[in-house]
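Okay, so subunit A shows up in both of these, paired with subunit B first and subunit C after.
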Partner chain A sequence: MEQLLSGYFIYMLSILLLFVALATILHMQFGITGIVSFGIAGIWGFGMYSCAIIMIKLNTPFVLAVIMATVLTGIISLGIGRILLNLDDQSVLVGTLAFSVIIEDMIVSESWLTKGVMGYGPVKFPFDFGIYTKLAYFLIILLFTIAVMYYAGRLHRSPYGRLLLSIQDNEPLARSLGKPTFRQKLIFFTFTSALVGFFGAISVPVYNFVFPKYIGPDITFTLWIALLLGARKRVFGGLVGIVATVGLFDIILETVVPIPSQYAGMLYNSKYFLYGLVLVLVLMFRPSGILGDKNRSINIKNISKFEKKEG
Partner chain B sequence: MQDKKLHLKNIIKRFGGRKVVDIKDLTLGTHGIEGLIGPNGAGKTTLINLISHKLKMDTGQILYYAKGNEIDISKKSFDQIARLGMVRTNQIIQDFQSLTIRDSLLLSLATAKYERFYAIFSEKRLRKSAEEEIQKYLDYFHFENPDGHALSAGEKKLLDIIRCLMLKPKFLLMDEPTSGLPQDQTDMVIALMRRKTVEEGMSILIVEHNLDLIWGACENVYFMAEGEILIQGPPDEVRKNKTVVKKYMGEGDA
Partner chain C sequence: MTFVMFLKSTLTIGLLESAPLMLAAVGFTLIFCLNGFINIAFAENLTIGAYLAVTFNSMLGWNFYASIIPASVLAGVISVITYLVVFRPAMRRGMGKSEMIILSVGVSFVLRFGINLIYGSNLFYFNVGKTYYLTLFGMGITSTQLICLGLALIIALGLYLFMYKTNYGQIMRALSDNEELATIAGINPIKVSVLVWFLSGFAGGLAGIFTGVFTWVHSGIGWNMILTILLVAIIGRVGNVRGALIAGAGVGIITTAVTLVTKPAYGAVVLLIIFIAILKFRKVQV
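Presenting the complex of A and B:
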């Protein structure tokens, strides 16, 4: 039991939760607003490294470093969004992906600051509860992940979410109704990217040492595959997708199923192949993801239920 | 009846060397409902697109008068113009595929104070404040299921018009508003428009090929051909005008 609480298992669960949060944010960016953000891993890495660097170089307390990293990520995202969000989907895809790769490359090459592939750290947990430290930190991550999912859920039932959906559906029509769509996209992209940066920052103690490989494009692809697999238009799409990919392959297969050591490497290498296979199958037989499409036709019964909950 | 609302000066728009719109001086919005007619390719829709700034004009100036201010809307963006009270309906059917009819109307009614990323609890307030207004329109026009999606072309067209009316425009540009609508619905739309012009002082410019509608509903008609406004006046005069008959309606139709 003690080993379970302080060991690899709880570490993997923490990572899993962080990924769920990221996939949920991706759901808000892509599933609701239609921003094809392929730079999510870069943004998350930016938050991660800026938190670690601020903490170690400037010797600041953890909470302050997290706040500073979140704000910095927000500022950077505002810049990216200002340049990219007015362009069409393909350009947004390429632009954000390029940003992500630039961040990763810079972290590798600017080793005077980031220690490159050696990894940067160590960053300890901000508190020490003995063997319960990891568990306590896991609960904090759980809290924030639930908060993000709650926000996404509320967004679906708020005027702002409706506006974002209208931007995804038909931006010129939304503009003709007087909606400042570019400004709203920019605000929302900045806000959600700052959130991504925040989760990057709070992930640092979990990793202890941060490496460039944690923020490569394969992370972006994993998140995208997971979201498409789960259902891009549903709040729980990210959760289901991440559990079905990272959860299934990285946790269940690696920790529970006893695999002979000579095949262990093979499993890691074939992971993306299997992800891809599952994605193809899902897209063939259930194009809108495992959870299906969200139909916004709220019928009378649902409205009264919703009203009761509110009041 | 009212002050002029829109003043167009020396507007020129070219598409690859061809002059599509060329207007020296034109004042719109002096009457309640005005009509814009002309043969295909006369530049009517382009003119509407220039006014609502969906397209950029090559040269010229459009002055818009609202609340005693003179605003040069050629420098304003597409959505700013809509917020100033100049709204357009669409010629080609436009819809939000993931919004139901009611959602679509709520979207139109929601002002900026509801649409902030932190305002995630404002749905109930919005619904409460919008309920009466939405019900008024849903009672007037018949929709199969207001909590479902607009299915037929007619429903989408009506929805487009209602969405625009919800913004309480001062100047409404309607590009073929009734194409695809059955006659009884067309009559209802026009009756509603007429009421809006009288009660709320709204000005409307209708672009239409349905001439019966133009002669019946409009107080003033502009005839446009080859990018220029050739004739303007009360419908009876325009109808009898030789140029209009020759260029547009055909001799036998007068």
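Presenting the complex of A and C:
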């Protein structure tokens, strides 16, 4: 039991939770607001590396480094959003993907700062509870992940969330009704991206050493596949999708089923092969994902309640 | 490095580098013109073409130039199969554009990692045979590079003529605007789409072979290039073959210049800046 709590298993669970949080943020960006961000792994990596670099180069305490990394990611995302978000969907997609690839390339090539492919670190856990350190940190991540999911759930029922949904459904219409859609999208994108940066920053002690391969486009696509598999319009879509993809392959297959080392490469390839196949099948035969679409029937009682609150 | 020398090497290397890029951008933009979505799985046409050519060339021992044609034709056939099996049914279900892009990512994963499962993760090399060394503008290049550049230009020109000098260009525009109306006008949508997807896959396969022949063949060939192809196609105004050719050559030369002065990573940065500047200049907004 003690070995289980301090070893590989809890490490994998922590990574899984971080991915659940990212997929939920992606749900807020794509499923609610309709921003097609293919740069989520790059933003994640930016938070991750800036936290590690601030902490080691400037010798700051961990919490301060996380705050600074979150703010920095927010500023960078504000810049990206300001440039890209008023373009059409396909340009946003390509632009954010390009940004993500550039971040990864820069981290590999600017090795004076990031140590390139050698990996940057080490960053230790901010506290030491002996064998329970990893478990305690896992619980902290769990807390933040639940907070994100709670926020996403609240968003679905709030007037602000309805504004964002209306931007996704028909942006020109929302604008014609006097809603500043670009500004709302920009603010929401900045906020959620800063959140992504925050999760990147708190993921650093889990990894101990950060590598460029943690932030490649493969991660972005894994998140997208998971979200679409789960259900892109449901709060728990990200959770279900990540458990069904990353959870199934990385945790159950790699820890429970003993696989001879000569087949390790094949496992990696068949994993992504199956991800792709599942994605194609889901999009073709159940486009709304495992959980299906949210039933958005108008509840008169709720609306009158909100009107009272607002007015 | 003197300025003249820099200019010479930029132009020569840039032109050689941009030959596969131009082919790929034209192939990519054909599909965009017809179906109006970004087909990420186009990357795998390059990979498939390169792998098939390397199979014929170094495994079966065919001549390099003899293996180009069947490999790129097969790449075109696989492109048609993906269209008929996945993309056409998906479009007929009325899938949104963002979903189509994500669907194409899925197809791309299936093809790329399928190749990895079949061929393993080894690197493969082409056996080009005897090569001659020539000088062009004072830069040393090999005869293979020159032939590949020539072939790429010929095929790109052929696709250009296909778009602008036959009525297929018009038919494609008619189909992408309103498929039902085009059908009433006597156009067979499946026949035209199959032809376009074949040509696109063919151009992609060739681009993959021309990329692989100067380095090595691995499963990331297309994937590493797809972002540049996307940027080039959008800079050259999507769906526009002429624009794709010009943007392909321009981007190849500019990124070479940046790479010669600084590091390769900054080539992508400059490309992204150009991309955003051009989109802003054109004011494509929601």
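As a convention for this text, the second predicted complex is superposed on the first by the 295 of 311 C-alpha atoms of A that agree within 3 Å, B and C clash if a C-alpha of one lies under 4 Å from a C-alpha of the other, contacts with A are read in each partner's own complex, and residues count from 1 in each chain.
Heads up, the rule we're going with is that a residue touches a chain if its C-beta (ideal position, glycine included) is under 8 Å from a C-beta of that chain, and two chains touch if they have at least 3 such contacts.
Given the structure is predicted, the values throughout are model-derived calculations rather than measurements.
Student: Can A:Leu97 be said to touch subunit B (first), subunit C (second), both, or neither?
Tutor: second
Student: Is A:Ser158 touching the first partner subunit B, the second partner subunit C, both, or neither of them?
Tutor: first
Student: One more residue to check, A:Pro172. First (subunit B), second (subunit C), both or neither?
Tutor: It touches subunit B and subunit C both.
Student: For A:Pro180, using the defined touch cut-off, is the partner it touches subunit B, subunit C, both, or neither? Pick first, second, both or neither.
Tutor: first
Student: So which bits of subunit A does subunit B touch that subunit C touches too?
Tutor: In subunit A, residues 172 are touched by subunit B and also by subunit C.
Student: In their shared complex, at which residues does subunit A touch subunit C?
Tutor: For subunit A paired with subunit C, touching residues are 30, 36, 83-84, 86-91, 93-95, 97-99, 101-102, 105-106, 108-110, 171-172, 221, 224-225, 228, 265-266, 269-273, 275-280, 283-284, 287.
Student: What residues on subunit B touch subunit A, complex-wise?
Tutor: Within the complex, subunit B contacts subunit A at residues 52, 54, 78-80, 82-83, 87-88, 90, 94-100, 103, 106-108, 110, 114-117, 119-124, 126, 145, 147-149, 163-164, 167.
Student: Going by the contact rule set out above, which residues of subunit C touch subunit A in the complex?
Tutor: Where subunit C meets subunit A, its residues are 38, 86, 89-90, 93, 95, 97-99, 101-103, 105-114, 116-117, 120-121, 227, 230-231, 234, 238, 263-265, 268-269, 271-272, 275-276, 279-280, 284-286.
Student: Where on subunit A does subunit B make contact in their complex?
Tutor: It is residues 151, 154-155, 157-163, 165-166, 168-170, 172-181, 184, 187-188, 191, 233, 294, 296-300, 303, 307, 310-311 of subunit A that touch subunit B.
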